[in-house]
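Structure below; questions to follow.
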Amino acid sequence: MRQRVVFLIFGTLTSLALLACGGKKDEDALMEEETAKTSTSAAAPAAPAAASAAAPAAAPATGGATVTGKVAFDGTAPTEPAIKMDADAYCKSQHATPVYEQEVVVNPNKTLQWVLVYVKEGVNGSYPAPTAAVELNQQGCQYHPHVFGIQTGQPLKVVNSDGTLHNIHALPKKNAEFNIGQPFKGMETVKKFDNPETGLRFKCDVHKWMGAYCGVFNHPFFAVTNDQGAFEIKNLPPGNYVIEAWHEKYGTQTQNVTITGSEAKTVDFSFKG
Amino acid sequence: MRLPHAARALRAALLFSAAALAPASAFAWPEWMRLPEQASTYAPEIDNMFHLIMWITGVIFVIVELLLVFFLWKYRHREGRVATYTHGNNRLEVIWTILPALICVMLALLSRRIWEQIKEKMPHDAVEVHVTGEQFAWNFRYPGPDGKFETADDILTLNQLHFPVGKPVIVTLTSKDVIHSFFLPEFRVKQDAVPGMKTRIWFQGNRVGQWEIACAELCGLGHFRMKGFVTVDTPADYEKWLADQAAQQAADAPKAAEAPAPPAAAPVAAPGKTEAEKGGSS
Amino acid sequence: MSTVAVPREAPHHAGVHAAPTSFIRKYVFSLDHKVIGKQYLFYALFMLVIGGLLATLVRYQLAWPGRPLPFMGKIAPDGMPGGVMLPEYYNSLFTMHATIMIFFAIMPILIGAFGNFVVPIQIGARDMAFPKLNMMSFWVAVPAAVVIIWSFFVTGGAAAGGWTSYAPLSAIQPRGQTLWLISLLILGLSSLLTAVNFLTTIINMRAPGMTFFRMPLTTWALFITALLLLLALPVLSAALIMLLFDRTLGTTFFLPAGLIVSGQPWTNAGGGQVLLWQHLFWFFGHPEVYIMILPAMGITSEILPVFARKPIFGYRAMAYSMCGIAGLGFIVWGHHMFQSGMNPILGTTFMISTMVIAVPSAIKTFNWLGTLWGGDIHFATPMLHALTFVAMFVIGGLSGVFMASTPVDIFIHDTYFIVGHIHYVLFGGSLFGAFAGLYFWYPKMFGRLMNERWGRIHWFLTFVTFNLVFFPMHFLGMRGMPRRIYDYTQYKHLHGLQGMNQMMTISLFVLGASQLILVLNFFLSMRRGAVAGPNPWHANTLEWQTASPPPHENFTGRIPTVYRGPYEYSVPGHGADFLPQNEPGGPAPARAHA
């Protein structure tokens, strides 16, 4: 009777509390399927793959065409401000000469570095994620590389090569946000992204000049321009594609390309300063 | 008329004795039992108050604990001992109500005076700096040559605070994200930087040197690493540093070049070098 | 309901319920205040262990920053990958340590366990006024504990904004903070129900002759504590709900316009006031400090007369000073906010009220000394802990004067000086008070005495290591070491403090290990301890005038009638050196003092 009512209220309260939190848990599951695995240095001898060459290695994509090209820069290169490395004595000690921001890096041959070029539309079939990790290195209080591509499900290994605290703060729009502190030299954190997105930004809140960008793709057809402004996308199977070039300041440009066999195609872009 | 006189004399005597005892004890005590170096003009006043309270509470502490131990020893149970039957003593109650009250009120009055000087009154003719905390860095903004804040020629630094010795500094604190606390241990300065609020504090360096700024209010995972540097310069060095910063900034941002160039343009960070470093792209 | 407030003339009808027969109704969903008290005791001791383990991890990091603890890498792979503690995990650890100790250990053991068990018997009642409400209080506290422990396992980890959870940090933290808010809301409900129950019980259900000024001081303390809970907790609950709304429903109570978090504008911001959280939190938070210390003061005031065989010195002064603390406790909250950006003139106001609130505490200390003076002092374990309470509370109280002084607070605010102060009050004070109460009432709870020798060893080790852990914190604070700091070694002005930190941490290991003695003593004595009998300490209060453990409804036969105050020890002309409250006749009745 009355006691039963009390028990009832009780049960309801408890289950309500559990529900309130249970809801959260579901949200967790939805948003953050990423299996965050973190380990310290000694483990994981994975080959440190340079970003531009990271993806294709383990992908089943062989044969096909090779798309190469250059990203030209048209105009006067803006002056990048010097980074205030004196904000952290350790950072300052790592650089004898001034270091500049990397937002717009114009190569001597008037091309643009750090442009991410990728197939935007037209990829069919699935490409399993490579097991080799993409490495994002924090060294001298800068990210290396500054821009990179990664496949969905491919491990991203964030390494701290500095004897100071970095926090790796990912600000994705379609993936789970994370913010992890790496207080000691040699610490590593391994993360994965599940959903494709471009312009995924990483930043370090301790050294606010530190920024890196990444594109997440469900295929291995992407590359980043080097210090010659060149890129190379390999093993693209026949088909009609939309190729997009993305730059953190100048936005995107697209071009259509048709692949018929194992030819070599050239796709050039040009950004106006 | 006699009372304020007596009160002033008492205050002077108390603070003097604390001041006299503090250095005397500083020689005897190891470093870890001492307060840090006194780098601001009001640090000694705060420390004197600290030492005064330490002496007063120390004496009370010793008396109370000694009495406790003495009673425990003297009135310990022995064969045949009978406890005194008493419910208390009103006179004693009154005494030990009024005595602590007097001590506390006296301490409050002494403290109020120092507090008023430090936090309520702002000095004139001071160096003005705006400080904005963010996760996890300190942004400093100097007004630049035009003497006004939020203009193109403002000098911005990250984690680097400089000011001249012997001149008061007024810091206007705020925060971009969460609460931080601007803590200069050697200057006995601490004030929260609160988002949505501007808080003004002042201090004055009494010696040239370099120290660190800590964040004293938990602000997230990088809280422990939210470290800044404070440099107290001679007036000449300070002017030079300001000029260097202005020159550096002008070199970085050519668009801001219409702003009046700083006097005696600094030799470092010439634009040519900038280009060289970047591979001469333009 | 049969448990509405009843006229005082017939207290023996109140709270009456049939003796339960099934296991579940007897030991799980029990209505009996004695069982509920024991449930709270186990609950609190369990959470005490968890809170202590968290503290051990915190101190490990402070002693050896960044040194791996490989086994922790397996237990908490996200927070301590490879055993190396991450800063965000460190923040979670101290946040949860404080939250668990304050809300889930100290409060339940003092109020839930001793309050529940002792108060009804001490005032001569058969149970609490609302037994079902009482049961509900406990069973609401259980999910709160589940939620708070669970929060360690959600993405982003447990709350990491400090136990004070200052907005806006707490508004932008990962979702462990939401669970923290929910947990404390649930627990707040539990405490509120308890407070209502205590007040009703103490006001309405005292035995015949048990006037307010014949109540034992433990009951007095819990009466005042319940009053504080009733008045302060709703303010916390309101603040928690506001913060919960800020986090989940898009309100902006604590979020001012223009917040930029990690370089990006915070979408849910505008119009809020950051300091509002601190005002609300500390309006609750300062009474909360007294909520945690008053019951321990009551227990100490209970134990000193018993083992000094002497009436408490200044009974009325003790009661009035508690009332004074309760009143003043509501106008001192601003002393937590001297450096917060609050108007400095207000700072002066709060400094004066804070200095004044030191006076009642001083009165109590001197009265305890007065109680010992001329006594016939027996050093049983409850007494050792109660005396330690007095000695340590003096340190905690005096160190409070430093931070009450506004200019001195500029330097020591948010440093380890504060951490030292709070631990002298909460560990040296509340927890030693709780230990004293545990040793004192254990025979009443379980019918057997705890082992005296091991009790003394436990006391000695705890007393010594406690001071080794917490006294040096004052020195760390004087050197300017901020609290809540993951790695202090990278500050120049804190160089050279690692040795002291290591000494403190090693002492903490010993302190923690010594508690195993208590745990063993606690459990083994239930079976093997000497049978206590009704009144092993020869005490006067009513709980000692019934069997150990007391029967269902506490007293066989009629409710006792009270003839005198609770501390009539060594009355001249009386044969025994104690004179129970319910013993008729005897020498002249106690003269009411003052």
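The letters A, B and C name the chains in turn, as written, and every chain counts its residues from 1.
The criterion applied here is as follows: a contact is a pair of C-beta atoms (placed from the backbone, for glycine too) under 8 Å apart; a residue touches a chain by one contact, two chains touch by 3 or more.
As the structure is a prediction and not an experimental result, all values here were calculated from the model.
Colleague: Which of the chain pairs holds the record for C-beta pairs in contact?
Modeller: Per chain pair, the contact count peaks at B-C.
Colleague: From the centre of chain B, which other chain's Cα mean sits the farthest off?
Modeller: Most remote chain from chain B, centroid-wise, comes out as A.
Colleague: Measuring from the mean C-alpha position of chain A to the mean C-alpha position of chain B, what distance in angstrom results?
Modeller: The answer is 43 Å.
Colleague: Give, as an integer number of Å, the spacing between the C-alpha centres of chain C and chain B.
Modeller: 33
Colleague: In angstrom, rounded to a whole number, how far apart do the mean CA points of chain A and chain C lie?
Modeller: Whole-Å distance between the two chain centres: 49.
Colleague: Can you list the chain A residues in contact with two or more other chains?
Modeller: Residue numbers touching two or more other chains: 165, 167, 179-181, 183, 205, 208.
Colleague: So which bits of chain B are touching at least two other chains?
Modeller: If we look for residues of chain B contacting two or more partner chains, we find 134-135, 220-222, 224-225, 227.
Colleague: Residues of chain C that contact two or more other chains, please.
Modeller: Residues 86-88, 262, 486-487 of chain C each touch two or more of the other chains.
Colleague: Residue numbers of chain C touching chain A in their complex, please.
Modeller: Interface residues on the chain C side: 1, 29, 66, 68, 77-78, 81-84, 86-88, 132, 135-136, 139-140, 142-144, 147, 150, 154-155, 175, 178-179, 182, 186, 262-264, 486-487.
Colleague: Using the touch rule from the top, collect the residues of chain B that touch chain C in their complex.
Modeller: Within the complex, chain B touches chain C at residues 31-36, 45-46, 49-50, 53-54, 56-57, 60-61, 64-65, 67-68, 71-72, 75-77, 81-90, 92-93, 96-97, 100-101, 104-105, 107-108, 110-112, 114-116, 118-120, 134-135, 173, 176-179, 181, 183, 185-186, 188-192, 194-197, 199, 211-212, 214-225, 227.
Colleague: Could you please specify the touching residues of chain A with respect to chain C in the complex?
Modeller: Listed in rising order, the residues of chain A that touch chain C are 2-3, 6-7, 9-10, 13-14, 17-18, 20-21, 24-25, 28, 32, 36-40, 42-43, 165, 167, 169, 171, 176, 179-184, 187, 189, 203, 205, 208.
Colleague: Which bits of chain B are touching chain A when the two form their complex?
Modeller: Counting only chain B, the residues touching chain A are 134-137, 157-160, 220-222, 224-229, 248, 251-254, 269, 271, 273-274, 277-282.
Colleague: For chain C, which residues count as touching chain B in their complex?
Modeller: 86-88, 91, 160-162, 166, 168-169, 172, 256-262, 266, 272-275, 308-315, 317, 339-341, 344-345, 347-348, 351-352, 355-356, 358-359, 362-363, 365-367, 369-370, 372-379, 387, 390-391, 394-395, 398-399, 401-402, 404-408, 410-415, 475, 478-480, 482, 484-488, 490-493, 496-497, 500, 569-572, 577, 590-591, 593-594
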